[in-house]
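Note that subunit A is present in both complexes that follow, paired respectively with subunit B and with subunit C.
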Partner chain A sequence: MNAPEKKIGAPMNRVDGRQKVTGAAKYSAEYELPNMAYAVLVGSTVTKGRLSSIDTKDAERAPGVLAVITHLNAPKAPGVKPTGKDPSQPQTVGSALQVFMDDKIRFNDQPIAVVVANTLERARFAARLVRAQYAKEKHQTNLEANKANAFLPTQAKKNPKSPAADYQRGEVDAYKTGALKLEAEYVIPTEVHHPMELQAITAHWEAPDRLTLYDKTQGTMATRRDFARQWGLPEENVKVIATYVGGAFGNALHSWPHESAAIIAAKVVNRPVKLMLTREQMFTMVGYRPHTWQKIGMSATADGKITAITHESIGQTSTYEEFVEATLGQTKMMYQSPNLTTRYRLAALDVGSPIWMRGPGEATGAFALESAMDEMAFLLNIDPMEFRLRNYTDQDPEKNRPWSSKFLKECYQAGAQRVGWNKRQLKPGSLRDGEWFIGYGMGVGTFGAHRGSSKASAQLLPDGTVLLQSAVTDIGPGTGTAMTQIAADTLGLPPEKIRFEWGNSDFAQAPTQGGSAIVNTVGPAVQEVCMALKDKLRELAATSNGAFATAKKEDVSFADNHLTLAGNSTARATYADLVRQAGGKAVTVESKPSGEGQKFSMYSFSVHFAEVRVHELTGEVRVSKLISCADAGTIINEKTAGNQMKGGAVGGIGMALMEHAIIDDRFGRYVTKDLADYHVPVHADSPAIEVFFVNQPDPYVNQLGTKGIGEIATIGVAPAIANAVFNATGKRVRELPITPDKLV
Partner chain B sequence: MNQFQYVRPTKPQAAIDAVAKDANARFIAGGTNLVDLMKRGVMTPQKLVDINRLDFRKIERQNNALRIGALALNSTVADDKQVRERQPLLALALNAGASPQLRNMATVGGNMLQRTRCAYFYDVTMPCNKRQPGTGCGALEGVNRMHAIFGFSDKCIAVHPSDMSVALVALDATVQVSGPKGNRSIPFADFHRLPGDTPEKDTNLEPGELITAVDVPDNPFTKHVHYQKVRERASYAFALLSVAAALDIDNGGTIKAARLAMGGVAHKPWRLTAAEQVLVGKPATEESFRQAATVAMQGAKAFKYNEYKLRLGPNAIVQALKTAAAA
Partner chain C sequence: MATNHEPDVPANHNENRRTFLKQSSLLTALALVPGPVVSAAEAKLDERVAEAIEQIPLSLKVNGKKLKLKVEPRTTLLDLLRENLHLTGTKKGCDYGQCGACTVHVDGQRVNSCLSFAVMHDGQEITTIEGLAEGDKLHPMQEAFVKHDGFQCGYCTPGQIMSAVACVREGHAGSETEIREYMSGNICRCGAYSNIVAAIQDVKSGGQKV
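Here is the complex of A and B:
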């Protein structure tokens, strides 16, 4: 018998592709439960203060209304802790906003009531009838005006080794005395995730102490834990289902006010309650990439060796939660600078809490760092790729230990060749095509190759299908497909004989989908459980056929309806018998990282090369080429991984050229309220993005050799485009997005 | 959304009567703007009079003009052979607007009547004289990067968002309306209003008046035309500003006639007649275009965040004229 074709690495189609394109895939807002009710949130129209009164009478009288819930009548979940601490002095890392707990207004559009009715239209109509009076207080929503009040995050105060703490190697701010130096400030505005699927939840109290949530979340188990704790329930009494997630980008990494509101509403009306946010509400209460100010000082020798970097950052957070991200992480380890200083600060504003958005802080930081690299290369009159190569790190300069693997130079070469880097001129504005200036730029990205621990379960079904289960979600990268490929190779089964089920907190424990860690973490668990299953099946087979008792695992293979043994044509064990013997029990294993992480620095790397065209009269920017190259270890599925890289690159185009959520500080309200005001790229904004994978296994992250893709797909794209705009025009835009008004 | 009645008359007079007699009634055709406004509570009609059953969809040539029915879809008009041959500027402007899905729903009459996209108009908690007279203009000292540089008042600095209307004003179109007092024609340039003290009124339509058609007279602008729309992404975005340019150039390269209008700069599509006059008799060169652009921008005044329009405006005019001349 021929060995089955290897599935790992193959560009296999998505296992759920057909369900998605035919509409059979059910998203959180698509579950229809008997006797379901619909909830609509009412948001505060002021930004800070107290609710002095709230009149719900008209809403309650409106047709079909079942309940109007406010802080005055909401049942208090027994495990809920009050929101945050003293908002004027964030002393702690705070806690999430808890709805309907008090009369305090912490940000504009904060939910102050939820209206529940027997149809969505009636709930929406009645929501308009809720009238609130406020005792307004002066609010702060402007980062620039609040930079002076920025503070060191509590976690850094408590732990000087925290990644958010000030970092130092060599001399402090040594760039100031450098012979050749630059100092520049960079700003990114608030950006909002805006996945196509809106945040939605259907909450169903199946019994007074049993709660089922059909919820848009990136972590079924994290959501289960949060709401079990809130309601004082054992975790096993809460079930969270998120089979399909229509994009998230970090937006569903947190438990948000609308989820609590739906659960409260379902409790009050004693019916399943569905609540879907509006696009407008997606701006205000479910996180965003925080508006961030950064400053970089850099010095170098005339021959292009960096002597010092200082990188400072102030990001916005809310008054009730300290949101911290690794904005300065890449600066500490990417280039060989003997002197390096970082300072990370937060400014608390009267806004909803931010949350990680794809690439998260690293993408913000890379905009500043990789722009500054380009600025310094220009000052030195050195090609920016050559400048990066002169400062390349062969081991981690932050932790002074080797990389587990690093093939970034290979990425540079591949990308430069594909974009036509040799056409790039050192002098900006040198290349034109008619009315269009042409420029080339590059930007580097990196993200930790994280691996956590996870479980997976496996079970043989009578028809010879192997059922695998994991609580992990698939928010779009193709997790289900990658796991199916890993299982197929491990078991020696065709993918059609693997059924991988995910997105249910009752399944085997898995971490939240995020931080580019899922294949790294769940992949090994799937591989190990498949090996364990095969071993278990061999053991079961041995009870009726001695030949299996001494057989090696690799000699056991799956035929149509029975197991066979290599070199023994009479040995067979039927699936029906094996299933009966197993008694319907699944095999579950837990897979944990080894201790290698202590010895090595583990990172994925990427570099993005952009060719842009800038119109000489209108200042419009078009990205005409975008090449994304990744050192992400072994690629499990070239097609879904390539797709993920392209999606991340499109996100980077949005970040570079158009995404910008704007608050009118007089009111503390967003003036960008929908996708007509808040632009994300359309197809015409994106060229045919070319992806290159080094596809070399990492020996240490896990046995599969993977390192992770999700974040590095976006990190470095925005500076590549900004640098290309500079090369095209000689105009350095240090505040994103690069809209025509900044170039004309 | 508020509760409302819905009627679908089959005779124009019934539709006109339904709206003329009820101050809270509104016509609805494609609904691509009105439904959004209703969802947000910006408009709260008590009755919707659906006019889609009326027979105003034809595009036909009569009296040396193209008569385009008010209910003709934007996509139909943009693809119509006669429009593309006789009024290519109109087709270009239509295709620059919205998305294919929206153009498949939106009608010509509705396109003219779309409301401003000013964020303060759309948010019922913010001040806006257009939505609620007397509350003030939120944009005047607010986030006004999309706002007017011509013809504004201290009551309103919003701009009209239509692309199609910019071409129609350049092409000297006429709006045919039917109302309680009978039929009348309104020159396109007089159809929309400047805000003055009554920004709540976008147009000079009388209550109950229904647009039945728009007439676009024959013209020599069948070749050298261009619609330059500057926006923040390549497609599906409202204009930062736009320019409709049409030239008639003789064999010697001299401009015999010119039409020029801008969008995204005023409360109405902004015809640039003085700049047109500068062009007539001049050679079709960048220098002439720059002169016209300078004249076009006279009187422009910017606010805190839209100062770039003073630089972008003349550039876009030059670019539009250059492209038109080269077409």
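Here is the complex of A and C:
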């Protein structure tokens, strides 16, 4: 028999494609449970202060209303501690902000009540009838005005080795004495994840001590842990189901107040309760990429060697949580600069907490760093790619150790050739096509190739299919498909014979989907459990057929309804027998990173090349070409991985040209309330994006050779576009988004 | 410089297109319910009132099936599909006609089902994503979306597909640029646009009946 075709690397269609194109895929607000009730949140209309009174009478009397819950009558979850005491403590774990705990208002639209009714319309109507009076206090929502109060994050104070701590190599602020230097400030506004699926949860107390949540979360285990803790329940009494997640991009990496509210509501009315946020509420209470100010100082020699970089950043956080991200990470390791200083600070404002948004801090930081690289290259009159090559790092200058793998130069070449970099002129404004200026720009991205521990389980079913399970979620990258491919190759089975199930906290333990780490982490667990299953089946087969006892697991293969052994045509063990012998038990393994990785710096790398057209009169910017090149290790599925890269690039177009959540500081309230005010890229904003993968395995991250794609797909895109706009027009925009008013 | 003070503004934080509901006669009726608050639900009063004045008869054909329904006049077509008929393939992405996730066909035209009340469609024929395939056989557009990986999370997908089918039928799929223009009402936050366009072009050039 021929070895089956390798599935790893193949552009296989998604295993859940049919579900998604027929509408059969069920997201968290789409489960039908008997006696469902609907919950609608009422938010504070002030930004800071106390609730002096709340009148719920009219709402309670409204038709169909089952309960109106506020801090005055909410049952207290036993595991909840008063919040706001130590904002440095909770981050993704723990629900930092409970609802209905006290009368304190910490941000505008903070939930002050939840109305539960037997239909959605009735709940929505009654929610309008809740009236509150407030004792208002002066609030602060403006980052610029609060920069002077910025502080070093507590984690950095406690631990000078924390990535958020000040970093120094060589001399402090050495750029100041450089002969050729630049100093520039960069700002990104608040950006909101806005996945197409609104945040939603269906909470169901199946018994007084058993809770089931159909929830939009990136981590079923983390959500289970948070709410088990909140309600003082053993973890196994809480079940979290997130089979389909309608995008998240980071905003489901945290447990949020609306989830607590739905759980409380379900407890009070003793029925399953469904709660879906509105698009306005998506701005205020489920995180965002924080408004961030940055300053870069850089010096270089005339022949294009960087001598020093100082990179400072102040990011917005809330008053009740210290949200920290790796804004300055890329600066520390991307370019060979003997002197390097970074300072990361936070400014606490009266707003909801931020949360990592795709590419997170690294994307914010890369906007500043990669813009500054372009500015310096211009100052030196050197091609920006050439400038980057002159400062290329062959080993990690931050940790002084080798890269586990780095094929960034290959990416530069591939991208430059595809975008037509040779057409680029050093002098801005040189190229035009009628009324349109044309420009080219590039931006580099990097993100740690993280790998954690994960379990996976596998079981042979009587029909000869193998059932694999993992608690991991698939928020869109195609995790289920990639895992099926890995299993298919390991088992030597066609993918149709493999059923990978995910998104349920009862399944084998797996980490939260985020930080580009899932294939790195769960992939090896799937591979190892498949090998363990083969070995287990061989052992079981050996009890009836001696040939299996001494066979190697590699020689075991699957036929129609039985196992066979390579080189032994008579050895066979039927599935029916094996399944009976296994007694319905699955094989479970845990896969952990080896210590080997400690010797290396492990990163994925990307470079994005943009061609833009800028209208000379209107300042309209069109991205006419976008080429994204990645060194992400082995590519498990070219089709889904390519799609993920393109999607990240589209996110970068949004970041560069349109995304901007605006607060009116007089009220502390967002004036961008929906997708008509907050623009995200639509079909017409996106060119046909081209993707190139180096597709070279990394020898150290894991045995599959993967490094991760999710973040590097976005990191570096916004500066590539900003740099292209400069090349087209000579206008340097240092404050995103690049809207036409900044160009005319 | 920001001045962090707040002038007196009405506590109106909800969308105003529903404000007219405030004046609903139902509210007046219920305001007459006497004192010590028995919740209206407990008194079963609301159900009786609802029966009398909240519910409006409605005939619809949904995915080929004739339905005789009674619905509240304020129920949107989208909520009727999702919450009452349990056709959850049609998605809610904004509820304001800004994202296209709720796109269905009404008498063959693509519409945002969140933007109209169900009762406005009396006698009309609605096709949702669940009604597009013929049994097990996927519609060519569904096939093409799978083949070209025209989605990631899948949440915008039913809307994209319903819109894409209409886009081809309308004759607006002549070029890549035209497709992008006529599909711009359907947001895909995952950014699968390139692949969606490829899928539509494939169907358009494949010559199958859509």
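Criterion: the second predicted complex is superposed on the first by the 734 of 744 C-alpha atoms of A that agree within 3 Å, B and C clash if a C-alpha of one lies under 4 Å from a C-alpha of the other, contacts with A are read in each partner's own complex, and residues count from 1 in each chain.
The rule we apply is simple: a residue touches a chain if its C-beta (ideal position, glycine included) is under 8 Å from a C-beta of that chain, and two chains touch if they have at least 3 such contacts.
Note that this is a predicted model, so its numbers are computed, not measured.
Chemist: Have a look and say if subunit B or subunit C is in touch with more residues of subunit A.
Modeler: In the superposed model, C touches more residues of subunit A.
Chemist: So, A:617: does it touch subunit B (first), subunit C (second), both, or neither?
Modeler: After superposing on A, A:617 lies in contact with subunit B but is clear of subunit C.
Chemist: Touching A:409, do we find subunit B (first), subunit C (second), both, or neither?
Modeler: A:409 contacts neither subunit B nor subunit C.
Chemist: First (subunit B), second (subunit C), both or neither: which does A:649 touch?
Modeler: second
Chemist: Once the shared chain is lined up, is A:305 touching subunit B (first), subunit C (second), both, or neither of them?
Modeler: A:305: touches no partner chain.
Chemist: Once the shared chain is lined up, is A:246 touching subunit B (first), subunit C (second), both, or neither of them?
Modeler: So A:246 only meets subunit C here.
Chemist: For A:732, decide between first (touching subunit B), second (touching subunit C), both and neither.
Modeler: Neither partner.
Chemist: Based on the superposed arrangement, let me know which partner A:666 touches: subunit B (first), subunit C (second), both, or neither?
Modeler: Touch partners of A:666: subunit B and subunit C.
Chemist: So, A:121: does it touch subunit B (first), subunit C (second), both, or neither?
Modeler: Both partners.
Chemist: Between subunit B and subunit C, whom does A:658 touch in the aligned arrangement: first, second, both, or neither?
Modeler: Touch status of A:658: first partner only.
Chemist: Starting from the residues of subunit A touching subunit B, keep only those that also touch subunit C in the other complex, and list them.
Modeler: 45, 121, 124-125, 128, 666-667, 676, 681-684
Chemist: Write out the stretch or stretches of subunit C touching subunit A in their complex.
Modeler: 1-7, 9, 11, 13-15, 18, 21-22, 24, 26-27, 30, 33, 37, 39-41, 45-47, 49-50, 54, 72, 74-75, 79, 82-83, 86-96, 98-99, 101, 128-130, 132-133, 138, 142, 145-147, 149, 151-158, 161, 176, 179-181, 183-197
Chemist: Across the complex, what residues on subunit B touch subunit A?
Modeler: Per the touch definition, subunit B meets subunit A at residues 1-3, 41, 117, 119-120, 122-123, 125-126, 138, 141-143, 145, 228, 230-238, 240, 308, 311-312, 315-316, 318-319.
Chemist: Can you list the residues on subunit A that touch subunit B in the complex?
Modeler: Checking each residue of subunit A against subunit B gives 45, 121, 124-125, 128, 435, 615, 617-620, 622, 657-658, 662, 664, 666-667, 669, 671-673, 676-677, 679, 681-685, 737, 739-742, 744.
Chemist: What residues of subunit A sit close enough to touch subunit C in their complex?
Modeler: By the definition above, subunit A touches subunit C via 13-14, 16-27, 29-30, 32, 43, 45-47, 57, 60-66, 109, 117-122, 124-125, 127-128, 131-132, 136, 138-142, 144-145, 194-198, 244-249, 276, 278-280, 475-478, 639-640, 642-644, 646-651, 665-668, 674-676, 680-684, 686-689.
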